[in-house]
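First the structure, which I've put down as structure tokens, then a few questions once you've had a look.
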């Protein structure tokens, strides 16, 4: 009995994974060439940066906040990395830490504003979003193409994993980030504090938890992840551009929420967000393989598939929740 | 309570307007031209009408602890539907106009029903529920217009967003009417109380016998309706429907307006007048950026700074630090880090 | 009994909220090895004094010395670091986390740089079992437990630190007698170990049983400090209330409850049950009758009440209301049938924190009327004023936000919300939780008066004495099952009922 | 445009006849009428030639476009056509295409990659040239005007290639004419509504001083025309109006005498692209850059051409 029972907190996650598999099987049956390891791996190759931002965003949302600045931070990071590499001709060993600082510092700043002045995260990070994108335009409105050995290496190295399939270095980075995040979320004090704050911030304060410090840290981490994603994005694009990752914040939030994290905070899993990203990716892949949809039907199809996922997920979760209540006694 | 919520946003609005005065001494002048009032202030109201409408709807949604990301797409859809309805019409007969209006209002309320059902009946989180329409709605709008920018040649249609009544832009009257209705419904009936109650503590509200599901549904319907009217104004104003671009990013501006106005994204108490001021701040900022010749590259930086200033001014903690030296005791007493409920 | 230097001293403490002077010039001395009671009516300032001490609120004036040093505590975290461990009045835990986490968060057990979940589970289980006699699955989410259990867990959390000062703000308000004894045992042990304990409770029996000294507050002012054994009950009560209260002695008048024969049936439930929550039970409630529900912690009283109100849907059984068959699917429907339910969990199921006293009071009434028939503002204020007076709510300002009220006053507003709907059947789940003795007797009298006027009442309380005093009929629950029901002829003793609750049988 | 549309039929006949190609086409999005017309042209041409089209819409996001190209590779299409969202950033994925032996054709916008073996050819417009054309027309028109000419500019989306290039081309020419001054320049996001709103603000601040409006696309110009009329001035008379794209709306405006000129940016090069693909796969030499034929239309030609405009 006990073994068969699924922890109700994990239900959304399990439902999501099941839905992802269903979708992938559906694609494989319907399209030739879909069922190949590479198509699956491409979900990671093409979404490595999204996975990394989603991980950062998961912490933010778990704490009951939101970070709208991530897309712009990616753009700003790519811009900084590109201009430092190409215009200032700095070595990558300087460029990378500086670029990573961009989001980290911005995130730290936003966290401080949110904590010390008790401002709403939505609005602070919205300002952060405007600021970061604005700053990337200030650096240059034009795209800066990167041509450096290091960046080329990071961009084009393929790590073969048998059967002719490959992944990129960025995928490895993303997976390391995911593992680290899972550890932090479940095996560190900080991680548990994040959940507590998301559950009830007042209580967390009264329980004597370091709420302020944790909150600042959360936005710093999210900023760092956005910057790291920005670097991955730069490897992916080999360019810096102010319009990069436009609207990515919504994709990220969607991925996190689809992955089963509650927007009200306190409940969810890092791994769920990864699955959320994969789901968005698989929706896109299916649409490309379909290959006959006009621009507007593309949008409608994305909406419809999203709807399908979310409603199915809800149905599965509520169904088994009611079943579970009766089982557990 | 109410007063202090409105005070700082009002100050910021005034400052923005005053900055304009430096660049253009006739900024506050309102003159009669071609039998109409013209002047920057009238323009700001006129231009801001769609944002005002959407923000009013958004306020109620946010008060229930929700959010409606679909408004931008609803604007596009409403414009497309309206333009399509009058596409065959010509001359001055008013029947097609009323038909179009009825159709648009119907469609936009339907979008609200869609969002509301997803949120209240199926229990989808508002941000994702409305994200669906945000993505798909634009597709539908483009489907209706076949990806083209549909130009309207039917003159009465242009009245909604471009016409004048009593020497003032007609859109201002629409906003006033919607605001009055929203104000009436929420302050002269119990709807406002119910919305705030559901937004603050849904479970306690349910146990007190409120029909939270229907209240939430209603709120999304109203938001859809507001967005629909805004879409009608926008498309009528340029006499065309642009499925792809109409209403782009309106959802963010509307949320911003609501938050600047003092309503919390955590639901509960809402301030319609605050939202109005918030929307006016955003609109006057935009107009100011255009008219004082700020380089487009730094538009966003300016916007970021203004947003931050408004928020900081509203934060008691910040004011305490800023004016700390002046009146230590008074401000210290007022601000409490934590309120326990 | 205790050494001569106080471990903690608060002097001339003043705290003002906008419009309310919550504390003015209050003193408190705390010695190691004593249990010190804070006494006062609802809204006297007890919780505020505690929160000022632990850094939740800043102090306007006055100073605090701890172990001889002047300290300035700016956050609960500081207080904890100093060795002040607190259980606040409302359960302030994170319901989204598991029981273990709620006990350990902030000081998790680490092993090789990571949280040692296994060890923590073990220790949590042991702590609850040995110290509080609570045997529960500690890995389950806190939200799956009732308020009473949550309160025990909050206490366990506070016990789990090596503190020098332990503050317990109304920890016993929803515990039954067994649990209270359990807690007292623990407190006595801690006292032996030299801890200083601050204890807040509205139960005089408990105060006289466990405390050594007490400080009385009234209206935010310091009235005095007394040795518990040296002050008479009536004396203490009049110190708290600021007036002599002779009526206090003569409590609720038993004559009033005396049987009025041939009552009509108001509600009849047959075979009502909900899987996993409560087993099938029958219940009959007559018009103008007060029925008490007794049972131990987690025996299913709340669950039963919720089913009758339609807050949860019953799986089986049927209900007759006023002679006609009714299936209640929602509170809304119940209220339309003139049923009211005052929940035991005022924080999550009762108050609408952001709204005013007035709005909170009229909410249920407005709910039945629908949104279009708005009760005119003038009428709302009248109603609010009426109940503020009736229940002696403080501050008596209908426009005050309810979240700024003291716990007991919030509870009174909740009562008012349901009284305003003028129900035929009123379900009260621990309605006197956290309410001071003065108000408690008032409420008991009110219940009797209402029942005489024809209102049926289902009264759930962990305080047996209260149940015995007011109820005409008493049903006993054990392990989610209704095990017994008897008429109250005022011969039954608390002991008899306790036996049934615990598993013995009285027949 | 007219001459070219008939061509593909013959050419598809004599290329590797009967060979049905699978062509993957990744479009930027559907952000403007121009783009929609371009998509349509491509779709119809490919269909007319009897090939199979795999179409993907990137919704204006480069990352989507890269994903789409990867999927095309996975589907082993015969050729990939794409209109890059931006010039940069396609190196890696184009290498993958090259390794998979799939030829890549660029449409509308170029890419900025040193290794030009990664793509076969670029077919599209020259935005800088469009800017130059607009300016040259203005210089000619105002050759006999004494004194300053105040120009206001409605830019496209900040950072987008057409916005940057059209600005650059225009400024390059007027730099030689010190009497021409851009007094205000602001983005109108390529949309009518924004174009109107920004123009209103320009009129508020500079009013009658504005002599010329240069809009980076016709839609913004059309929006601005409404603003000018509402302000009480006569578009095309009081303010000279220059647009780019030559969409149908611009012809309507010109026919009504409200707009002076529009520089063509021709989206209807689907058939031309199909020819190039077929020729390449048949083993022919292809030039690295093929220009789309484009001209310029003024008010006088509008009436006559209006009925023939397809988009």
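A, B, C and D label the chains in the order they appear, each numbered from 1.
Going forward, a contact is a pair of C-beta atoms (placed from the backbone, for glycine too) under 8 Å apart; a residue touches a chain by one contact, two chains touch by 3 or more.
Everything numeric here is computed off the predicted structure, so don't read it as measured data.
Most remote chain with respect to chain C, judged by CA-atom centres, is D. For the pair chain A and chain C, the distance between C-alpha centroids works out to 44 Å. Work out the mean CA point of chain C and of chain D, and you get 72 Å between them.
Mean C-alpha positions place chain B and chain D at a centre distance of 34 Å. Between the Cα centres of chain A and chain D there is a gap of 34 Å.
Multi-chain contact residues, meaning those touching two or more other chains, occur in chain B at positions 142, 147, 297, 299, 338-341.
Along chain D, residues 29-30, 36, 39, 158 each make contact with two or more other chains. Among the residues of chain A, those in touch with two or more other chains are 137, 141, 202, 205-206, 294-296, 298-299. Working note: touching chain pairs come out as A-B, A-C, A-D, B-C, B-D. Per the touch definition, chain C reaches chain A in the complex via residues 56, 75-77, 79-81, 86, 88, 92-97, 101, 105-106, 108, 110, 114-115, 141, 157, 275-277.
Of all residues in chain B, those touching chain C in their complex are 188-191, 193-194, 196-197, 200-201, 203-211, 215, 268-269, 332-334, 336-341.
Residues of chain A that touch chain C in their complex: 8-9, 183, 186-189, 192-193, 195-196, 198-200, 202-210, 266-267, 325-326, 328-329. Against chain D, the residues of chain B that register as touching in their complex are 23-24, 33-34, 40, 43, 47, 142, 146-149, 151, 162, 234, 237-240, 242, 244-246, 248, 286-287, 289-293, 295-297, 299.
Residue ranges on chain D touching chain B, taken from their complex, read 29-33, 36, 39, 155, 158, 184-187, 189-193, 196-198, 200-202, 204-205, 219, 222-223, 226, 230, 232, 249, 252, 311.
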